[in-house]
Structure formats: C-alpha cells, structure tokens
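Pasting the structures in now, so scroll down.
Same chain, two partners: subunit A is paired with subunit B first, then with subunit C.
Coming up: the complex of A and B.
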C-alpha cells in the first residue's frame, strides 16, 4: 500500500490526471461497447422510427452551439464599426485587429458575480434570460442557410418564426417584473408595449408576400427567388420590405427603437439588476436576434441563398463567342484524389513545403535585407492564403451548399452592418412617437400593401 | 406597548432587516414631511410611483438627484434634490487671499472655467482700481470665446448623447480637444485653467498656441457645420426636441433665466451688449435669438453662438495690440473697504461675483451667482405632463453643470 502511495506522490500533476483518466476511459469505453452490442439494435430502430424528432433535436443542439460564434461576430462588428464611425480605433489589443475581444468579453461575463438582488423573485429572475435566449435560438431552426442546410422545413415556417420570436418579450417582461426595480419594471413594460405593437406591422407586411408565394415554407420561398436578382421579392414588394425592416429593428430592440434599454433614461431597462452570465444571455439574445432578423429579411426579400446572377448563361454566351475556350456549362471541377493511389500521400506531403518555398523564394531573392526565416514565414502564410482560396473556389463550384452559405451569410451580414450603422448614427425615438409610428404609419402602410397586392393578384389571375 | 415588526432579514445578509411596508428603494425621506409641498409630493395618487433619477445616472450631467412622481411614463411632478457636490466654495474663498480665490472658482464650471475666473478678477479690479492692459483684455476675450466654443460643442454633443445618439459627442470632442490643447499650451492645464490674474493674465500668447489656433480656425467652420449636420438634419432629433420644454419670455425673465436659454425664448439680452465689459464694445458680433423657446431653439441657438464666437476670435486676432499682459501691482493686495459686483456672459448665462472687502487681503463676503442653478429650478414649470424622455431632453438643452449649482 505504501509503495503505491509513494509511487502516486512521485507523479507530476499531468501524470496524476492521466493515470486517473486511463482506467476511467477504459471502463467507460467497454461499457459503451457493451451497451451498443446489447441495446444498439433497438435504439437504432427507435431513432429510425422517429427520424423527424431526432433531426429536430440534432438541429437544435447544433444551432445552440452556432449562436455563440454568431453573437461573438456581431459584438465584434458592432464594437469595431461604431468605433470607426466615431473616428476611434476600437478594439485592437486581443487577437489580430482585436478580433478575440468578444471572446474575452464572454469570459469576463462568465467570471463575474451572478448577483440576485434581495427582494427579487429568484425563480422568475433566473428563468427570464433563459426564455429570451431560447426564443432567439429556436427561431433559427427554420432558417434555410443553404440548399439542404436547415434545421427543419415546416410548411408553417414563417408562422413558427413569428411565434417563437414573439416569445422573447415574455423573457424581457419576466426580467423586468422580477428584478424588483422600477427602472427594470419600466423597461419591461416598454418592451411589452413596443414588441406587441411592432409584431402587427411585421407580420402584416409579409402577408402580401405570402399571397404571391402561396406558401409559408421558407425553403420554398427561397427556391421561388432563384435565377437573376430581378426575381427577388424585394422588387415585387418594395413597401413590404421597408415596413418589414423597420419593424424588425423595433423587434430586435435596436437603435432608434432601443427604448427598453435606453441608457440615458431608464439606465439599462429590464437588464438593470442583471449581472454575470444571466446578463450575458440577454446580451447574446439581442445579438442573435439581430442576426436572425437580418437573415429573415434576406430569406424573404433578397433571395436567401441564391446568387444575384446566373453564371451559366453568361458562360454559355462567352462559349458561343469564343468557341476556342471550350467552356461547357454547368462548370464542374472533376477531382478524384482517390484515383491517384499511393502518390497521393507524396502529394499531400510535398505540396505544402514546396508551395512555401515557391512563395518564399521571391521575397528572399529580391530583398537582400530579408532573413531567410522571415521569408519562409511570409511564404507559408501566402501559400495558406492561396491554397485556402483554391480549396474555397473548388468547394464553391463543387458543393451547392457552400456557394449558398457564402451568399446567404454575405447578404445577412450586410444587414447586420446596416443595424450597426443605424446604431452609430441615429438618436432614440420617444415612446409616444414609437407607438404612434407603429399604429399610425406602419400598420396602414402594411394594410395598403396587402390590399394592393391582393388586388393585383386577383386581376392577374382572372 | 408592542409594535408589529414588519421587517424581515435580507437574503444576502441576515443582519440587514428590510422594511417591507415602505419598500426598500422608495425615495421617501426618512423623516416626516416638513412642509406642505413635501407632504403633497410624497403622497402617491392612484397608479403613481416615485422614481429616483440619480444621484448617479447617465443623464443628470453630474451628481444631481431628481425624484419623479410618475403615472405610467408621464411625469406628474418632480423634485430636484441638490447638494451632492457642495463644497462650500464661497466660504473657502472668504478664507483665502484674493489670488487664491481664483483657483477655487475654476472647478465650479469645469467645462468653461475661464468664465468663473473672469467676474472674480473683474470685481477685484474694481475694488483695487486697476487698469488692465489692452492686450490682456484682448487675450481674455480671445481665450474666453475659445472656451465658449468648447463648452457649447460639449453641450451639443451631450444633448445628442442624452437622446441616444452615440456619435456626435465624439465628433464634438475632436474639436473640443483641439481647443483644450491650445489653451493648455498657454495656461498649462486642460480643464481648470487658472489663467486670469488680477490686472491681466498669467502669460502671453505663445507660438504653439498661435499655430494651433491658426490651423484650427482654418477648418473650424466647415468642421462644426459638418458635425451639427448629423443632428440638425436628423428627423428623429428634431422631432424629439421641437415643442418640448417651451418657456415663454415673461416667465423666463421672472425665473431669472440668462444666456442662450433666455435668448432662445426671444429675449435679446446679452451682458456683452447690455452691460459691456472688457473690449466687447470694440468687436462686431450679433446676438442670435430665437422665438420658439423650446429645446430645439436652445440647441440651435448654441450652434449660432459658436459661429458668432468664431467671428469674435477672428477679430481679436486681427485687432490684438502689443504691450504688457499684466498691470503693475503690489505683491500683497489690500483692496479698499467696499463692495464690487461684476458679471460676464458665460456659455450658460450670467456668471457674477459680488465681493465685499473689509480692507484685509481676504474678501469679507464672496457671493457667486451661477446661471445653471436658476435654470434648473424651472424644471417644475417645463416638465410635468411630459414623458420621462422629455426630462432628459429639457435637461440637456438647459445644459446645467452641477459643480456650479452645488458650489
């Protein structure tokens, strides 16, 4: 016994960790194998029978994970873009161009004290950010990111989206009520009034589009907009697009409609008493909401994953004019790495060093002051950029979903930028102006849009 | 006799007992009401609540507390609570010799310090019968107008910030920083300049100041135009300010308003013209007025005043005579027994000093008149019936500085 204890005490800390983990891992692995052997068949059968549920759960899990980088990216964009608009430098310390700062913000929020004020209702106070965040996350399930890349294709996708998006206000109201603070209460009431008022023009503005599309499935709506950008719904429903975007700004509680957290009036609104990760969830939900509403605008009005142009007719035309080029459409890149056999290994081993040397050579040869290792580093980075670009181009041509995802994210982040731009430029409206704008202008405009669309559809079809 | 204890231990610290009947965060004073007004104010009607704005709140421009009685979002009544920044400056000045008092006055109006020094040195010069050299007077006007521009720029930026606009304040600070740097090059300080002296100023203009001023003047007009364009042409900003906090001229005069706030109500009263001092009679400038009397008029009037100040700076540079910048004075100043009053037109209105001397080297009585205090007391007239957000608009457009109010 003493020998074992002596041996244990001689181990370093990593050694202790490894020696503890090895038997644990062995036991768990064998247990898992045994479980798969014993119960694998029935489990697979059950999963097969409920494939829809499994798919939904998997999608929800993946989406929960991808919201975090989306929120980080939005936070970084907001910090940097507003800084540049203010003629400041903005984040530039953590990571290249300060890109890691939002991660550090996340860690900071995690490490802060999670404080519950005395007098608050602890249960409601704790669950409020959960509800808000869950509402934001659940809406992503129906968003079509690319052909075949979506959580679930409901035939009531849009309805589901609005239903889930409307849940977020429940969390804000819970937070405002449970905080036992008058600023929070006013913020919660403001958010309830604002979001309920703006849900109506938001939903009504889309009804005209639904009449044209004839479906609520977001996938189908995107598929209807393929081809040239003239097919996008924004050109058939321009008024609806404007109303939708304004109402979406209010839905996401963004400037100029950020009355729920108006810092110069009610300090931080519903989030006044929150700290730590509970505040972080509110914060995350806001940025995820910005992304989601931008994405929905893109999906409904700007063609979703579709490229704004068709490359094939253009290539056909070039092929017709210059037959010598031998262009055939659709363009495919025939790459079959497996066909190379054993030389493939040599290729994988040789291309990176050779490429690095190739890109490093001009720097080393043309500049006498260049150290060889500096040239090698530059060459390596350049090689990576070029190789990455080539791989991306190959993926773009070969996989439909890569191209779709690129276009979708590109368009979406244009709208995220517009949200940030408005935040940098505009002051905040007053609560009576906010409500008056929704009920006196947006709602009649949405009804007018619906009426005109319906009338035109009836005229065209008869 | 036993009393029912309504208190329960706090969740965080069981030793802390919370009074459930009153509510923890009610801004009710801990003593029974002392006046009828207090009793009326702290009695809540149906559906009303009391809320504390301040003492540390983003929109109070300092350490001010305003207790608001709200009905929903509408302000029914409000009660500004002052004194969080009180340092007893008047008493400090009465126990300091004449030169030392000037340094005490700087932090009163920390964004336009020169206008606190100016009436004090003017009052002392009246007591001492000192003739100030003309170059010193021109330098006072020049630096004072620069300080006025920087103060107005700040007021305009914070006005936007209180309405939720993030960017204009930073654009304002770019210009203000340039002005503050050039003043620092002759005074040695960026904020609390302590530059004016009895009988002149502390130092002559130097090369750095002149080159910075020349650079800045060549682009100031376009730059300020571009900056205010972000707000003047902004529909949201204009709509939030128009018709908010309207002050009619009679009431403004009755409430002792001065400065841009009074002129925005249509009263063309400017001490530089009404009771001329220094070299202002020799300078050509307009007194801008506006008739609306609302927050937008007060904001736009500051923009106009900046343009007039730039005109004055230009003229000062062209007319500045050569000569000394300090009068010849004895080392120890003992003014004649008597009293003197001096007032100047500051960026917020009339700054005035009433100094009584008993023949010693210290003032016997030293009274500071601050315009922000008088502007602040008209909240009760301007705000009730409006929304919470309108209070921020009115407060920003009145542009109070708490250092001068609490003294």
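Coming up: the complex of A and C.
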C-alpha cells in the first residue's frame, strides 16, 4: 500500500470528493485558457455572448476569494487592537508585527481533526457552517466597492442584502439542532431569537432612508450621496444610523451582543460540538459579517465610495495657483503612460536601480559604520515606499475606481475598528436585557424615525 | 449614575482608546528580561537535599513573611512527628495522601493517624482568660498551656490561634523556637522536670539584674 493510497483511504467522503474535484477543475481551467489562446476568436465570442454568466462567475469567484484576506485582516485587527487596549503587545512573532498570525491560525484550524459526534445528523451538521458562510458571502454581491466595481447592481439590492443576511441564522439553527447536544440546541435557539429580534429594528431603521432615497439599489444610494460630506445620509438620518449600528452589532454577534458565542457562559453555544475547519467556517463567517455590516453602514450612511470632499475643485485650484506662483510644470496629473512610447521602456528599466542608488547614497555616505549592502537594502525599501506612494497617488487621481475603493475600504475599516473597539470595552449583556433593548427601545425608536421621516417628506413635497 | 444615557459607555470607550496609545506592559521574554528585585526567588518549590529528605524545616518563616498570606503549610514536619497544618484539611489532601508521600520519599504517617486529638479546652480557656486573650503575651500563654496539659497539643495551638487572633504560623513559630516547649507528652520524669528549670539564660539574667523581664510584675507561678 503506497503512501498515496493510505492517505486516500484516510480521507472522509467529502474529502475524497474535494480531492477529485480539484485536479478536475485545474484541468478544465487550463483547458479553457489553452482554448482561448489557440482558437481565440470563437471562444471569446461565446463568452461575449454570455457576458452576464461570465460576469456572474467572475464576481462569485472573486467574492469567495476576497473573503479570505478580509477575514484574516479582521482577525488580526481583533487580536492586535484588543491587545493594545489591554496594554499588551499582541501578536508580534509571525510576520512583520505578527501580521501572518491569522494565516497561521487558519492553517492550524485546517489541520485539526474534524470531528462529528455520534448521534449527530451528519448531513445537516456538515452543511450548517456552509450555509452560515454562504449567507455572509452572498451579501457581498450587491456591495458597491467603487464606481464600476460591484458584483451586481440590483434594484432591490438592500432587500436582497437583508434576505441573504437573514439566512445566516438558518445555519446557526442547523448547527445547534444537528449537534445532538441539548446545550448546542439551546445556544442555537437563543442566537436565532437574538438575530431575528434585531433584524426588525435593523430593517426598519433603513426604511426612513429608503423613503428619502426612493430606491433600494445600493449603487444609486451611494451616487445620491455624491459631493461634500454634508450630503451623506448620516446627517439626514442620525437616529437611523445609531439604531442601524447597534442592530448591526447584534446581527454580527459582536460584543456586547455576542450571546450566540458567549464563550464564558455557554461554551460557544451552537458551536460547542464543532471542531476543525467546520468550526473555523462559523468564525470565518462572523468576521466576514463584521466587514459586510461595516461596509453596509458606510454605503447607506457614510457615502460609500465618495470622498468626503470634492477633489476636482482642489486640483483645479492647484492648477490655477501654481502658474501664478511662477511654477510651470509640464507634469499633468492625469498622465497616460502609453503616450510616452519608447522612453517608457527606459523609464521602467532605469528608474528602479537609479532610485535605489539615490536613496541608498545618503545612508552609505553619512554613516561610516553602514555596510554597502545594508545601505542598498534600505535604499531599495525606501524607493519601493516612495514609488508605491507615487503610483498610488497617480492611480488615485487617474482612476475613479481606485480612489473610490480606497475611500470605501478606509471608511469600512474605521467601522471594523469600532466593532473591535467595542469588543475591547463593553461587557456582554444579559439575554433579557438584550431582548428588552431590542423590543422596548430599538423598535419604537426605529418606528419613530420612520414616521417622522415620512411626515417630513410629505410636508416638504406638499 | 449619570442622567445622560450612554455616557458610561462613552467613558469606557474613551478609556480603552487612551489605553490603545499608552506604552505597553509586555516584556518580550527571550529578548528582554524582567527587572526583578535582588531577592526575587521565582516560583515557590520545596527542595530535597542529597539524602532525599526535604530541606524544608517547617519553620513557618516563609508563611509569616508572606505579605498576602498565600503561603500556607501543611503535612508533617521533617522528622515525621508532628502534624502541622494551618489551613482546611481538604487543601492538603493531596500532600497527605500516602502514595504521594511514598513517591516523593517523605515520611509516611501511621495510617490510623488523625489530625490531632480532641482536647478539653476548659483549662485552656481559663489560661487565655487570665492572659486577657492578648497575642502579645504568647510565650506566657504557651508556657501556662504546657503546664496545664504537660505539652502543647495541636488542638490547643489552634484554639489559641482562634481565640487570640494570632496566626497559627506565628504561634507555631514561637512554640518551636523555645527549647522548653514541646509538642508531645514528656517521655520521662527528667524531661517533665525540665519545665521547672526553664530558661537558664533568663534565670541568669534575672539573678544578675535582680529584676524581671517582660514586665511580669511579681513573676508567674
């Protein structure tokens, strides 16, 4: 029995399926690429004819893939930020400033034994984390990251978002039910009660905004908040913003509403019987959820991809002032690299070594103890930083989607930080406080916001 | 506390945000070493000498010096004679367990052993009443107790500790410091008589000075 056969016999049934599919997929993909290269025309025509399908497949793949770095980044942020708030250093061993620790965590979870308790319903037990994760991932499809950079622009985008986000609770219930453990079942029911309760104020708080916006398409909502930051909906719907953020915290199972997990009380609730990557998927979904809800907050209330100020007047002003000061630069910010022709090639070949030498020279000349190769490394790194910054600046000015993506991600990670910050500060609420707060405070406040908005709109329009 | 809802949350969030930017307490161990006091001895551990006997002499000094009373002592003393224990018995169940004692090479007590025998404390209570339950007069209390019972039973020491409020460790320390105080019944008449000719050094001092020490006006019987 060879080692390969032994390894194969140890795999579970899903493992055998996956390990059969991976080479199949590799063959299919390389075959597709070869087909495009060899008989380009017809294949491209077929793809062009079914652009919607191609676009959907590409979007689904990209969305599935980007959840991984997003979740890793969130996990790292969580570890590091909470550590810093506890006067600890946090992860600092794996990678620069411990940045690779979440990757190592992921590998660790992958290598752990995936255990199914006897008496559990194996099918439901296996699919529960998939459902939770898929619910989180499916919502990304409608998120507008930047102008032209989104999976799909539905005219019912927000409705779709809430519908898909609400599916996550099905996964939690499935996990709790299939675990064959009464405490898991209780944990699942409890988290279902929590999430369903908070879904109502979450959805209702947005209705006022929808009355103002007149559309459910997230892209259109973002476009309506164009211009200066005073146009953002947070200034027209402040109460809705507060309700939405609180309900989103509960929806993402984050402290102070993380009764779903409640590690100190009910040992992870529905996830008690989970181990290995199935357990990992629940938490993967949680961290992706944090990102998604932050992103939705930004899209709805904080202008999405829009910068808080208008950059074009600023550029025009600079363009108008510089010649007045006697500075005449031939450099135009909207540079077209293709227009340079052959000199571009020399630029690419010559600038990096020259820049490295240029940045290395002061270190080597001014510090006698420095070895030449250390100076070269420092010069290379500095050149990379400067060149990267310049390229980013150029891309920011030249491409609308780069600027939009930067603003969108920046705002989103501010909210991710706030989520982590709250986790580092607030204690967990009791279950009756949680329910009482949702039904006695958030729901009436959301209704009040809705009615006041509706009245205001009627008064203004009549 | 406050009339503004959410103010407490805001203050908590502000606190954690300030902590976020404050210097950190972590010491990255292999690269940095903690700056410890010169008498720092690290983890508490009982050591054995080259003969395999416990180096601890049950002197209780560590228990007395411990500022937060986290050190407590139990078990047998080095010669396997006296059961000294200053805490609840369940705390020491593991240490008293016979197999654990055999494994660690410590003396194994008689299986029929009980912690300490019960004691008729009426005489002791009278002695304590006479001395006003004053822990500062511990030596006199102990001497009177030995005079009444012939030796110092553990139950009596515990009773003294309980009534006077002095630590058991201190009482044991005092009792074990003086040669003439003993923890078991006297073996013979000569040893019993030792009590009367107690403290030769103090007797010499008294003869020299012609006065009494320790403010005992008129001496004690």
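Please note the rule applied: the second predicted complex is superposed on the first by the 383 of 462 C-alpha atoms of A that agree within 3 Å, B and C clash if a C-alpha of one lies under 4 Å from a C-alpha of the other, contacts with A are read in each partner's own complex, and residues count from 1 in each chain.
We take it that a residue touches a chain if its C-beta (ideal position, glycine included) is under 8 Å from a C-beta of that chain, and two chains touch if they have at least 3 such contacts.
It should be emphasised that the depicted structure is a prediction, and the values quoted were computed from it without experimental measurement.
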Evaluate whether subunit B and subunit C can sit on subunit A together after superposition, giving fit or clash. clash
For A:377, using the defined touch cut-off, is the partner it touches subunit B, subunit C, both, or neither? Pick first, second, both or neither. neither
So, A:428: does it touch subunit B (first), subunit C (second), both, or neither? first
By the touch definition at the top of the document, which applies to A:357: first (subunit B), second (subunit C), both, or neither? neither
A:181 contacts which: subunit B (first), subunit C (second), both, neither? first
Quick one: is A:86 in contact with subunit B, with subunit C, with both, or with neither? Answer first, second, both or neither. both
May I ask you to decide whether A:255 touches subunit B, subunit C, both, or neither, giving the answer as first, second, both or neither? first
When both complexes are superposed, which of subunit B and subunit C contacts more residues belonging to subunit A? B
Report for A:200: first if it touches subunit B alone, second if subunit C alone, otherwise both or neither. neither
Which partner does A:104 reach: the first (subunit B), the second (subunit C), both, or neither? neither
Offending stretch of subunit B which, after superposing on A, collides with subunit C (from 27-35, 45-53, 63-71 or 117-125): 117-125
Between subunit B and subunit C, which residues of subunit A are contacted by each of them? 85-88, 424-426
In their shared complex, subunit A is touched by residues of subunit B numbered 10-12, 16, 18, 24-25, 49, 51, 57-59, 73, 160-167, 170-171, 174, 230-231, 234, 236-237, 239-240, 387-390, 392
Subunit A contacts subunit B in the complex at 82, 85-88, 116, 118-119, 180-183, 186, 190, 255-256, 258, 262-267, 423-433
Under the stated contact criterion, what part of subunit A meets subunit C in this complex? 81, 84-89, 92, 421-422, 424-426
In the complex of these two chains, what residues of subunit C are touching subunit A? 9, 12-13, 15-17, 19-20, 22-26, 28
